[in-house]
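Here come two complexes built around chain A, the first alongside chain B, the second alongside chain C.
After this line comes the complex of A and B, so read on.
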């Protein structure tokens, strides 16, 4: 064998072999990065270069997910046009009318600044490029970087040369990560996952080397991460937990001390530079574990230092007692501070991860977002395919050596699989560690089965080093695989799994994650593709047919889109900072016209926009979200809006003839079905989403008039009528126009009089 | 004319006195009956308490406590209701704001249930006063329906909304000394036990195999959707309509308890086969044995994965991929 491959030996052995391998490795990594970028371009190729939100609603029956690419895009444009300092002070009066929003101080600027910097660099290199194209392609570009970071991280975990490359390839095309990083999904997560992985890589490097430089680099990228995504809290808690577990395992070392203290001191200072974060790192319970471990490690370090000088056993006991006492006192102090309110309690979103029933009762606005729903098992398989069963195997292999970095992998794996189970959205943080563990497991197999040389049992040095600490299954020495047949079988089947994985990822990406929710694609009976473009049709109608400052009221899911595409002020949007304001909109939607009209007038609303999927069978429409509007409104006005009233006596949510009066009189119901019956022959009107007949009579609208309905009736826009010229209420005015006789007001109390300011 | 008016006036005063006296008495009577908790009512007492001229609020829960009626919510909510009544009766409140809390059990008050045509329990009725400073025009009671299990705080805020503005007693949950004491005892017991047993326990705690097993089980549980079961409270299994059992729920966003366990088992088998191939097989010295082991594990891996794909296909109809056997 040696003779036949002698020509290759020059390339594969010795120093030139090393450089050949290095070159090969670089080429492979570049190919992986290119594949990662390419697999995210489906939507750009199919549709066009537009910003969009990622929407699983058609594949999985859920509401569209509130993410904010449109807002980010708007903010980036503002940043590029007006410069960094005015971006910092940006007060946006075109959202949350009439409140406005202090945008500069309430966002994570990392994403916008990153694309702004790229834009200016390209300009400096005299490459004229539109800021929109940078925004669209930022996420795929960073996913290529994520694959590289993944390679670095996994190489720290394993001596096997293949593990890193496998992990990079997995990360490049795993649907769990693609879901939030396809071209056009210009969201914080686009850069945040790269930063997450890279920060962890730097952290592992710091712990391994105990160097201040790596610790400082960790802090630097942690700061960048804080500026980019609210999920930085995950790092803030994971690194202290890692250190804490290491301390509990009796693995204190100066390496850990140096890297942790460097990271904590610099990272905390760095994170406080972001106005939105401000003093949270020292005043919020989310960050207290980092502070606590910082204190603990000082104590342990001190004890370790003193131990060298104290000979007697008694002294050591005293020392231990002292350390424990100080720690206890510190802990009690923290508890006292948080009880007395100096330290803010856990933030709602974070807390709802632990107490899973919390959000539903106390913060319906969080519970209403489909991304915050728990994850059913098909979603795991959908997003990770065969990595999901390689994952536990890889974690098991980490117990084999159990060095400091392997402890990190184990903690990360357990914690993030819990989080991903509680919230669909956190699948994103699970994906990196799944890729690491799966790559470790797979490289463990491939390294044994893809070796050509046969093992020689006699030559095996029988060093049965009985290490009681190691795992039972790895106590015997490695022999190797004897027969070519078994090598072929295993290698062959794994190749099949890998090919299947690639096919699965491509299928998932192209089918589920690459359709912008603003543009829906459907198949015609003959198999051709039909594009449903109602959203953009309606937004451009708004842009061209309404006054520049016409206020549009819609449910908050569409706020950013209206702001970005139609460029009109909105009442509420996806930045859900003011629950009461959202509840006001919910109340207006779920009340009778007589109640809603004054609300609309008070908020200067000119147009009301609803999404109705009944004609097309588009399940993510407003009537399906309606109960959340009711619930959120009920949270503020429990006496005026009652969820119970929207259910029939038998507890059903109906929209047909048996719908409750409250339901049929609600503004949302009326706006959805107004004139819908005219599309069908009499008595045949069908709602294709809820699969029921709708009442034969169209609801009557008095205070609104239909202004626009898109091609497929997905978007319906209504104009709010002005006050009547003759001072009548709208009820009477409409009745008069219809030629109905005016009711005698004197006979009985009459219909409820409409009060208008 | 003047005579008439004075007469009328005096009549009204007298009738007012006459009317006020019994209500005053009713309130005193029930107030004294309800030393701490709510008053237990029966048909007659309910009628007397909610009779028309009253200058107090009456909050009554109509409930069915007996096990026969199978009203779990009634029994669950009873301590909460007592807590509300107790907090109110013991707390500081304005002198003229009078509220009586009562409990009417179905066994004692069938007639009331019939009269009010109540089909469900528990129901809470709040009768506003008809005379006095807080008198309401409509004497119809406000009704609170239970849509799900609720806490005392939610109901108390509902009651407070119907009472006039002003200071009201706080809802006080009594400190559960029993629990604190037992927690401390258990904690100290655990510490003692640990110190005594540490020579035996420590090797177990430091055992790597144990930790590996715990982590793997946790990961398998979480990734097979156990948290979804916990949060959504899904059924364990469901019938398929023909008397059989359907193991897998239809639809991408549904699952059964048993289904997740099957999936967790599949994942476990697959992971174990992977571990065996990666760690165990290369350490076997016997040539034949190794060959057999490789074939078995590779076969298990292939078959189980094929089964997993077929299960996933049933959940997601349009899924195009499969592996041969299943």
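After this line comes the complex of A and C, so read on.
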């Protein structure tokens, strides 16, 4: 390291080297931040500045996930318009229709408050900015900050200055992080990852210095993190684990005690300030490890204190007595509390982290979200490219000089790679540590191979001679790399890898992560771009043509969009807090009309919205999600909705002529294919998503009537018919109408015939 | 010898033993002394070696333990109805205790460096730490300023949480 810096000094000409390097580093960091921001602007440039949901359906063939920029946007608007206090007490009666939602108490307010504060600061500086632009550009802005935080974190790990810069650059453009922070993805993760990295930086700083101040700062940023993202539980468990491992390694010191206890005491109180979190840190088992380690470190500190007064033998005796006593008491207390139900059991999402099959069996609502699916192996390479194979090397290098902070890196690496394997979404928490480890490995390589080739031959031969004289046999493998050829090869190949990485990141960002799911882009045969804007067309139709409080029923994926873009009340939305209510919608969708209609009436539904991709080949449509609706409904009404009935005798999920009667009578099927065959010549109707022929006869809808179908048939909206004026049921009414028509036709025919005669 | 051990294990009469051990240092404590005797010994040692200022901190910490314990007792016996209030009161006590303990560690590390308190490992770590950056216990003023900073945040949170 000294060699590298001295050689750099030589390069930068002596005394001015230090400040020049400092300046250079600042410029590089700013450039990295700028690049990080710029590479996230694809979607704004290509489409317009709209809030969009990130669409992972390209990778995992399911459907857009439950991230909720539209809701966040709506909440931010509410915050800006009505002020902080009414935001805090916000009861939203336009979602979850009959129930409403205590929104102020059930969200993480960090994101909205952040953009609200930015808005007001800009207003104060007399820069008139629309709140929408702040929301769209918040994520790229914070990703620039994340790169800076990454630099700070990595600089704590390594003495090499290049490691920090490399890590910052990796973090700036790694697709795993870009996936959630492109312009317009106004989501909690946008600021949460910055907070995550920065909290870890402060924590490392606290452990290194052992000062209350750093611990308190860690706690403050932890509190901010808690206010911003549910993933704060990761920090809540990682820091205690780090401390625990340090204790087990016999590395207890007053620094660890000071930083941990300060963080825990302040951080827990801070996290309880958020109404949504409330008493969870005391009650929920997810937080118990932190409490346990807090107790443990008190005991260890006391034991360490007592040890000062005693020789070893007696100390051990005392220690055994103490340990037995406290463990007995603690265990009894824990059992008592768990049995009496004071401590809540582990939450379902937590179980699904350990047993990947758990969610599918017990909580279909969690399993139905594609971001909760296990990660496919190519996704690692897709999201991290060559960082993923540098990652183990970096972790290995941490083992080589194992200080407290390196222990942290190792624990973080192990935990997050497991979690990333379990859930696609947690790739996000893996990305920072991969960047750190890869930067450590790469800076190690570059420091050895690139820098030594630079200094003038004198210095090189001098060091050469010294080394070879003193420790020829041991130093040989290190010192042996002198030929410019091998250096050039290694440096060149690293450069090529880096360039490839940049190219890959740009490609991924531009192609996979920058398309808003509400606007689909496709290529025409001549290569020009064609934009399919059915979603916005339909939402605009709803906004213009329906009553202000018309209730729209759709599957929950579209709830936030309808609320945000069409501004109409919805039954269920992406905040899946009430499983029963979602199952009700699922039941209405998957049952026969006679069953569904009472449900629709009971819930005041005016319009039903379905997404149908059959004409366009849009795979994320409702029929492909249909089985999840069935499963969720079956979870509540196992007698009335049965998943088996939707499969053919051979276990196939079919929508063509061989579809089961249950399937063909289900509301969802009818709404999807209603009148669809009229687009095609007789007998030629094809569903392009499922690649099958569609029955030649249109399904008959009695209780609904078609209200709107978008240009490419992606969105179809049906109006729920009112009760029949004559008190008939809809079946009879429709049959009667048809009969009447026929009669009328014959009557018309009759007179005409008569007249001609 | 057996008689003596017996006497110690009943914990009724360790007093005649310990003053003698105290005067001649910890090495005279019998290797097979009972836990109670050892605890007694530790107590005597503690009173003898701790400086006045640290004792003051310790008294404060003992007071905080008392306050926290009382609140917890109240919560168990009389119910936790204003749970916010109980939590913030209790965590104020715990947090202040922890902060004070941290302050005590930082100030007594450098203050009584001659004592045999820190273990070899801890000493090494601290030594390396002092070399690298202005670590724990470089200045009492810094430690105290940190302490006040931490306490301010703590009490702000508590007051905000108390309802």
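The rule is short, and it goes like this: the second predicted complex is superposed on the first by the 682 of 757 C-alpha atoms of A that agree within 3 Å, B and C clash if a C-alpha of one lies under 4 Å from a C-alpha of the other, contacts with A are read in each partner's own complex, and residues count from 1 in each chain.
In this text, contacts are C-beta pairs under 8 Å (C-beta built on N, C-alpha and C of every residue); 3 or more make two chains touch, one makes a residue touch a chain.
All of these numbers come straight from a predicted model, not from anything done at the bench.
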| item | value |
| --- | --- |
| First, second, both or neither for A:337, with chain B first and chain C second | neither |
| Contacts of A:422 with chain B and chain C, given as first, second, both or neither | first |
| Partner chain in contact with A:220 - chain B first, chain C second, else both or neither | second |
| Residues of chain A touched, compared between chain B and chain C (which is higher) | B |
| Which of chain B and chain C A:270 touches, first, second, both or neither | second |
| Contact set on chain B toward chain A in their complex | 145, 147, 158, 161, 208-209, 211-212, 215-216, 218-220, 222-228, 230-232, 251-255, 259-260, 263, 266-268, 270-272, 274-275, 277-285, 287, 290-291, 294-295, 298, 301-302, 305, 308, 312, 315-316, 318-321, 323 |
| Touching residues (chain side chain C, partner chain A) in the complex | 26-27, 29, 31, 33, 35, 38-39, 41-42, 45-46, 49, 83, 87-88, 91, 94-95, 98-99, 101-103, 105-106, 109, 115-119, 121-122, 125-126, 129, 132-136, 142-143, 145-147, 149-150, 153-154, 157-158, 160-161 |
| Chain C-facing residues of chain A, complex | 208-213, 215-216, 219-220, 250-255, 257-258, 261-262, 264-266, 268-270, 272-273, 279, 282, 301, 304-311, 313-315, 317-318, 321 |
| Contact footprint of chain B on chain A as seen in their complex | 59-62, 356-357, 374-382, 386, 388-393, 395-397, 399-400, 402, 410, 413-414, 417-418, 420-422, 441, 444-445, 448-449, 457, 460, 469-474, 476-483, 485-486, 489-490, 493, 496-497, 500, 503-504, 507, 511, 638-639, 643-644 |
